[in-house]
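Each chain gets a letter, A, B, C and D, in the order it is written, and its residues are counted from 1.
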Amino acid sequence: MNPDLTSILGNFYVLTLIKLALVAFVLLTALAYLQWIERKVIAHIQLRVGPTRVGPHGLLQPLADTIKLLTKEDLVPAHVNKFFYVLAPMMAVFFALSAIAVIPFGPKINIFGIETYMQLSDLNIGLLYLLALSGMGVYGIALAGWSSNNKYSLIGGLRSSAQMISYELPLALAIASPLLLAGSLSLREIAESQAGFMLGFIPRWSIFQMPAPQILAFVLFMIAGFAETNRVPFDLPEAENELVAGFHTEYSSMKFASFFMAEYANMVTLCSVATLLFLGGWYPLVPAPVDGFIPPLLLWAGGAMLIFHGLQPARKWDKYTMPAFGAVFLLAGFAFLIPFLQPVLVPLFWFVSKVGILLFLFIWVRATLPRFRYDQLMRFAWAFMFPVSVVHLFATALLVALLK
Amino acid sequence: MDAILFFLFAAIAVVSAINVVVQRHPISSALSLVGVMGSLAVLYLLLGAEFIAAAQMIVYAGAIMVLFVFVIMLLNTGAEQSSRKGKVLTIVAMPLLVIFLGVVSYIIQRGFPDSPLVKFGEFTGGGPKDVGMALFTRYLLPFEVTSVLILIAIIGAVVLARKEME
Amino acid sequence: MHHLWLIPFFPLAGFLVNGLFGKRLSKGAVGMVAIGSVVLSFLWALKALFGLAPLETAHVERYFTWIQSGSLVIPYELAVDRLTAIMLMVVTGIGSLIHIYATGYMHEEEGFYRFFAYLNLFMFFMLTLVLANNYLLLFVGWEGVGLCSYLLIGFYFLKHSASTAGNKAFIVNRIGDAGYSVAIFLIFLTFGTLDFPKVMEAAKALPVEASAGILTAICLLLLVGATGKSAQVPLYVWLPDAMEGPTPVSALIHAATMVTAGVYMVTRSAALFLHAPIAMETVAWIGLATAVMAATIGITQYDIKKVYAYSTVSQLGYMFLALGVGAFSAGIWHVVTHAFFKALLFLGAGSVIHALHHEQDMRHMGGLRKKIPITFAVLTCAWLAISGVPFTSGWYSKEAILGAVHHHSPLMYWIGVGTAAVTAFYVSRSMFMTFWGEYKGHAHPHESPPVMWLPLAALAVLSLAGGALFNVPHILEPMFPQGHGEHDFMLEVIGSGAGLLGIALAYVMYVANPGLPASIASSLGGVYRLVYNKYYVDEAYDAAVVRPIVNGSRTGLWQFADVWLIDGMVNGAGSFARWLGGGLRRLQSGSIRAYAAWVVAGAVIFIIAAGAIAGVQGGLR
Amino acid sequence: MPPLPVPAAVPLSYYLILSAVLFALGVAGFLFRRSLITVFMSIELMLNAVNLTFVAFSYQHKQVDGHLFTFFVMVVAAAEAAVGLAIILTVYKNRGTLAVDEIDSLKL
């Protein structure tokens, strides 16, 4: 490769810009398709089929939604506080997307002679940065509720800010316990501290790691995470039957979409953090030689299944689309066998699949659990989550101090 | 680069601070104050205070100011009305503040004629580890005392804010 | 360790029990606690002394460091030597007897528990005084017994005369205590320590002071303290008034123990006094003057307790005389025998008073020989002892003193012999007026209960035989060697004769020829009135000291210093503050912003000042 | 890269002057604003200005102590905010106003 090009690409700013573009594109697309996946999954859980009209299996539905939201009339009610009304969705989406900057997706890689981390920025205080952003995220929602000048919105905003402040405590305390095991605040170092296996086959992820397995912290973190992202069963701020649509009642078109984007971005961030803190980040579930073969095998199995379904079409287009996707899957499986792509793709596969499983959990919970009452929600935060996480933190600290 | 960042965020801080003072509506002031705090956090980073920058955002901007916004929203008092007394005070106090600023700047210039140039990365002793070490060794007693202070504050806030028992 | 601390501890415990819970306890329980604590203390002292015998040198027990300040280190130390042993036996032994007696005597009184609480407290302080191994701890006991004396003199505090008598005792003692405390300062300055052994050691190394020096000063100041506590001229005036207290108190505190503290203290400081001849001479003359003066007053008094009070003063004078001539062991011997017979006299007098329902005037007594025979019998023993009838206890100690005095100065000896005769005379007079002749009162005398006369009997035996039993000079031989041990038979005959002469004279005047005293009194006229009115000493003090102080306080301190100066200043400060506040409260507008503006203005001024200074310094730089 | 028209780095005293400016603005807010809650926010602004000086001096001496003082100031500010806002709520509940010049019963 041309050494000039290498040096230009190796420049810090240029490299960061390239990574930024890549991550932004992938993330935004992923957010859009997350919406599609959610609708599909919920539909199937509820014995429906979900979107099917736009594209095969509704695959182009996110694109259609985006176009619709962008071109819809941007309605600003007369009674709102205009400045904050406009500012609020911007803040929400800004802080939500900023969070992705410190998330590492994989280990150090070497592409075309350039060594870099699969991460936009490795901060010493990555976790604190995330906590700060999650704290700032409250403003978007609170301001949206307040500036709408509507009692439903206001109550939604108040509820959301109270809820987020309350659940930030157990969230932070749940984060603190794996930190004690890792001894760092940098997300990359935390993930790297979980490399390897115990007894040869148990991964040294935080939830398994001796001396203090963090299963309880993981559960606490996920519960608090549900509340932080205002997801069911903690979606009081937007409880339709009480508050219309809560803080975004008065919003329409792209501003409305911004809140959804923020919500899904927060979900992705949260699941990534959970993966990095508790589930070993990009480290595989199984030891060395096997881990590289699992992704192609899985993909080939998926591709084979799709082709099989294509041969017995249930609908008109299935006999074309299904084998096409099957072929893509088979090819993707082969990509994992190319030597110089393998060190990039295998960790990425493990990371993405863990995040995906957690995201599925979010959707699954939304489809199955009812909503809390507001006082139950707050009591749950202060009377259960908080003490339990404090005690857990103490126990972890004690175990680490005594046994490590 | 350091200078650009400093001037940029110093400007944001000063403009936001002015906004805090001149805005009629408390919520505007509060948001401006958050702006001040955010830009100060960036300046802290420039000065090598990583942990304090994060704490500034988490504690100040993320918790204390949210509490302010929360209370403002709860009371919803609306924009404040100006009063004649306030105008008199402004006329009297404004020159005082200007003098104050002038003298302080003079003293700073005189007192630190050869103050060091601030370069990012020159001082790296402000990470969580350094702060934690100092906090739990040399400053252990103040740290414990602040925990008592916070306990007292919690009790005070609860007592003040609870509904009157009949 | 012999746990000497237990000796004062028992009475202290008794005091705490009676003082805190006495109100709820029955009288029997209170009495048991009081007597029990003192008897325990006596027994423990006995056990310790037997354990320590023969006690050639002092036994010191150090418990903890009491005061430490620079070079001043004062331990809490108790010590026993032979002198202390004698005092211990006297205090606890006689104390026990008087406690037993008091349970009978005080049985009908209000504040029974209070009385015994005070009495136990007194025992505690007295034992501390005796056991102390340094001047300061001795001072604690010294002040403590003073306090208890005050409390007990004023026991009937509803009676005006009792409370004023208490005040008088307290105030007069203050004068002596001032002298004593200055003496302590001087001792510390001179010797750098307050421990008795170290001070005595150091004093022995110093030369004998021919003219007045630091030792003389110390000794004279100690003497001032002793005159206060032991009722010597010129500070004796409180003791006769102290008879306002209950009779057991008079016996225990104002006859047997506390008043001898001065004698004990001077004896304890013997090494200092021996190096200050001027002070010694002063002690002797003060003792002699006291003895003569009090004895002559005793002749004319009619209140039976007053007679014995002056007798006590007079006998204390004797002791000081002995100390002054260097016969320390004779002085202590007299302390012991005097404790026996004077306690007996007082207790007997108490028995008489008790029998006559609180009648104290001898002119309303008489012929009680048949009515209260036991009391008469025991009082006779005391009478014989104090009069110096040969081979009674008083005779031994008195002859020892007079012998030593004769060796020192014949003039003093003859005055002393005369005083001995007068002593015999007035005691006999009181006996004859009380027990002979016709009963002149109106009450129905009755004998005291056994709980009262049994201790009297014990004391009677001691009064008669105590001198022969306890040869104090012999016991104290290691501490105070007797340089002139030979008994001059002639002197003993003269001394005994003086006592018998006094008794005979009294018999002539009050039994054989009852009209004689009145005619003698009228023929002497002015002199009689002078003596009868106690030489007008109280009146002289009143005019010379009390009145000027009272008047000075009224006009100078009260009307000028207090009303005009201090009140004026206080009121002025108040009105100034009010005036200032009246002006300043205009600033207190309640407006937070105004306050803040003031703060800002102050800060700006401060900063400008700082800037100016910085500018000036920068300019100079 | 072409040379920038501004210096590459600024002296520490600029930070101090910035802090003074922020402090003065905080004082101004305290004095000129009527709403109790804004007055309270002005106090926070002053505290922030002071924190900046702490961190700046910490940089100058290359020691972490200034950071700790800032940390403690934050803790105190948090406690103060909790109690202060509770007081403000109570005041508003009892008086129906947050104007500082109407809350002046603490006089004479």
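Note that in this section a residue touches a chain if its C-beta (ideal position, glycine included) is under 8 Å from a C-beta of that chain, and two chains touch if they have at least 3 such contacts.
Given the structure is predicted, the values throughout are model-derived calculations rather than measurements.
Peer 1: Under the document's definition of touching, what chains do chain A and chain C have as common neighbours?
Peer 2: Of all the chains present, those in contact with both chain A and chain C are B.
Peer 1: On a CA-centroid basis, which chain has its centre farthest from chain C's?
Peer 2: Relative to chain C, the chain with the farthest C-alpha centre is A.
Peer 1: Go ahead and note the Å separation of the Cα centroids belonging to chain A and chain D.
Peer 2: 36
Peer 1: List the centre-to-centre spacing of chain A and chain B in whole Å, with centres computed as mean CA coordinates.
Peer 2: 32
Peer 1: Give, as an integer number of Å, the spacing between the C-alpha centres of chain D and chain C.
Peer 2: 74
Peer 1: So which stretches of chain B touch two or more other chains?
Peer 2: Residues 51, 55, 63, 67, 74, 85-86, 89, 93, 97, 100, 104 of chain B touch two or more partner chains.
Peer 1: Any chance you could list the residues of chain D touching two or more other chains?
Peer 2: 27, 31, 101 - these are the residues of chain D that touch more than one other chain.
Peer 1: Name the residues of chain C that each touch 2 or more other chains.
Peer 2: 591, 593, 597, 600
Peer 1: Pull out all the chain pairs that touch, please.
Peer 2: Pairs of chains that touch one another: A-B, B-C, B-D, C-D.
Peer 1: Spell out the residues on chain D that touch chain B in their complex, using ranges where they run on.
Peer 2: The contact residues of chain D facing chain B are 4, 6-18, 20-22, 24-29, 31-35, 37-38, 40-42, 44-45, 48, 51-52, 55-56, 58-60, 62-65, 67-68, 70-72, 74-83, 85-90, 92, 98-99, 101.
Peer 1: Mind pulling up the chain C residues that touch chain B in the complex?
Peer 2: 591, 593, 597, 600-601, 603-604, 607-608, 610-611, 614-615, 618
Peer 1: Contact residues on chain C for chain D in the complex?
Peer 2: 585, 588-593, 596-597, 600
Peer 1: Can you list the chain D residues touching chain C in their complex?
Peer 2: 27, 30-31, 39, 100-101, 103-108
Peer 1: If you look only at chain B, which of its residues touch chain C in the complex?
Peer 2: It comes out as residues 85-86, 89, 92-93, 96-97, 99-100, 103-104, 106-107, 110-111.
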